[in-house]
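Contents: one structure, followed by commentary.
Think of it as A, B and C in the order they're written, each chain with its own count starting at 1.
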């Protein structure tokens, strides 16, 4: 009877295989959210980290360590740090540092004593560098003291106007959220009317063969990779915007809007057209028999009865525009600033992730995942809206 | 009355114009890219290494990514579609599964990139490599494959299944010997659509596969796909030649897309015809 | 009222091939079959007649458990094949290879003629090429199709005519060496000539198999069957010798239906 066992096996096999989608979605949610929420729940490290060279002796809270590595992570309760360098050409150097953990201002948290010749500098927020001029060039000594960054406030993240991830460690994404929303809405305002005109025309006025041709063209439009759209935008639309408005650079919100509008056309047209085609013929015939013209029937009956599908198409178009990355990077200019005019450079959430992930580290990298979370929440909200509309469509 | 005829005619004109406009834009994009690419696009260009101004490494990387991600995604996608059409009753698992697939289909690709970076590059330790990118993309194309395969399975007549079962075969035998072979055309179409998605995808590939310009020897190495090459050339173009190469790369990509579109069209038509014979 | 003890015997005293007793069938809340009692002897052809939707197709789909495919379907009562409850411990694939089925529309698989007939045996593990060829030839011969297709066994079954396809489906089911063949309006999609050939074939097949045939055409029932059952609204109204049922029905409703007053 091994046929029977084989049958049983495959039944479980197919069930297990189909779980992959559920597990994948779960993993995506857990991983992205866990990483993205990290900056808001904890500090970057439990205690101070030191990066030093040729250190002889380290004393923390009076306890002495020898043979310490170049990079040292201290305990959270480290109060008094004393570093001793071996005596060399410049004589023995001793640095005493007192940590004032309650001080909120990072620059005042450390109090230095007994380092007469050292220069204190602050190359980045939360990083202090002590340097001694060496006797020869290239022999100067340096200590980098990396302070733990406290948990970031979600309000400052969402509402913050500044994005200075490297130097100042300021992560305000409001300009990017505004950029994403403006670019998507702009694309919708520009693209949807054209898309609806096309869809209605294809569904109501075109014969089968031309309609099939138009549909083929629109499928091709949907298949063109987004990088190619971006490239085309950079080569054609950006210079056009620059020349028409006489501005210094054409990489603007307007260029992004035009490219995105082009990219959402196929999505909106396809969904709107199929829902228009689903409107029953008897409704249209009823309207025609009442003496309405074909055009009036199309606008009043077909468009009206297909409205939930049309809205679903528009929302799907918005979510495409919100999630679009590469095309926008190439044409939008990418300055993380709040825009007040369509002729200014703008940066979206997605562009920030794709451009900075390559070199980001530490909290900066985590913050890019936090941007991913913001994006994710926007998309999930749009998706649930579509699901609700679909359910409504099934009832009708 | 006259006013209405005029208005109807005007609206008709506007609608026709907008559709023609959209198609004209498509035509313009294609013609523009091919005309600019015409000078540098050749067989030699595709088969020369990057140092000699060709795109061979990118073609190889893209092929690697396509093959590996389809190899992962196709069995899983077909299995899921079989479960949904052949086995599922109305259980809660099916409802969860449907919502999961819908949601996966809606997630923007950059988020897949973030996930792939965390899960495959860092957590599983693949680093930026073809295998990490292929895993990431295989999840991304799963909804495409599931949906298209499901459609194909649904169009296999119930009478085929009944005929097979009435001969005393088991359900799995019926699926493997009658249902899946009959749905082959649709399954191939789903694979081709998925290949199109993978070839055109860029953001998650940038995050997970990386930028290396070498010809990858194994899937555990980093590489640069065609899309990323185009992005890199346009965004960080250093010498004037780069734009020529960029145009030729864009032309190559568009050719692939057109080929895939044509192929799916032909297959769908053929598949529909053979279905017509069966009923 | 408890015929279980006598189940194995018909009125004539010979063993019943199939014995259905007190069968009820529900689709969710709708009762499609009501308390059906039905017996079939060996080498007997029974015809099921009745208006559309009366439950005759549903009934024969009970007999090889094809209704299992419908999730909302519930069955109660006893169906005994050679004294063995088919809804009991019997394996459903075993049952289906013993009780074959021919469907309303010819449904050959999209494979070659040979593969269609060999399919069932292959799935049961028969791999030997010579044995398979023999099964195919015997089955096609029995289905009166061998002479027409012996030169194109490798051609797609979909290239055959409708009547040939239906005989192929009969051959496919014969290949399993079933004990009973169920036919669900096997000629409804065929032209009169093809129908005639199938009817002839049923007369031949009777020598080896028990047959239950659902039919819409009453003259077909009277031509091919030994016994006839009349179904109405899920009930088995009358079941007797075909000649009796058609010439001298017991029930008024049977008479009305046969004389064409409804249906």
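Operating definition for what follows: contacts are C-beta pairs under 8 Å (C-beta built on N, C-alpha and C of every residue); 3 or more make two chains touch, one makes a residue touch a chain.
Predicted model only: the values in this text are computed from it and were never measured.
Participant: Report the chain closest to the protein's overall CA mean, measuring from each chain's own CA mean.
Facilitator: B
Participant: Which one of the chains is farthest from chain B, going by Cα centres?
Facilitator: C
Participant: Could you find the two chains linked by the most C-beta contact pairs?
Facilitator: A-B
Participant: Where the centres are mean C-alpha positions, what is the separation of chain B from chain C, in Å?
Facilitator: 47
Participant: What's the distance between the Cα centroids of chain A and chain B, rounded to whole Å?
Facilitator: Here the centre of chain B sits 23 Å away from the centre of chain A.
Participant: How many angstrom lie between the CA centroids of chain A and chain C, rounded to a whole number?
Facilitator: That pair's centroid distance is 64 Å.
Participant: Counting only residues that touch at least 2 other chains, which ones in chain A make the list?
Facilitator: Chain A, residues with two or more chain partners: 3-4.
Participant: Which chain C residues sit where two or more other chains touch them?
Facilitator: 93, 123-124
Participant: Give me the residue numbers in chain B that touch at least two other chains, ranges are fine.
Facilitator: Where chain B meets two or more other chains at a single residue, that happens at 170, 173.
Participant: Report the residues of chain A in contact with chain B in the complex, numbered from low to high.
Facilitator: 3-4, 6-7, 9-11, 13-15, 17-18, 20-22, 24-25, 27-28, 31-32, 35, 194, 197-198, 200-202, 205, 214, 216-221, 223-228, 230-232, 234-236, 262, 265, 269, 293-296, 299, 316, 319, 322-326, 329-330, 350, 353-354, 357-358, 368-369, 372, 375-376, 379-380, 382-383, 386-387
Participant: Mind listing the chain C positions that touch chain B in their complex?
Facilitator: Going by the criterion above, the answer is residues 64, 66, 69, 71, 93-98, 100-101, 103, 105, 107-111, 119-120, 123-124, 158, 169, 172-173, 176.
Participant: Of all residues in chain B, which touch chain A in the complex?
Facilitator: These residues of chain B touch chain A: 4-5, 7-8, 11-12, 14-16, 18-19, 21-23, 25-26, 29, 32-33, 36, 75-76, 79-80, 82-84, 86-87, 93, 96-97, 99-104, 106-115, 117-119, 123, 139, 142-143, 146, 170-173, 175, 196, 199-203, 206-207, 227-228, 230-231, 234-235, 246, 250, 253-254, 257-258, 260-261, 265.
Participant: If we count contacts the way the header does, which residues on chain B are in touch with chain C in the complex?
Facilitator: Listed in rising order, the residues are 89-90, 157, 159-170, 173, 177-178, 181-182, 274, 277-278.
Participant: Once bound in the complex, which stretches of chain A touch chain C?
Facilitator: Residues in contact with chain C: 1, 3-4.
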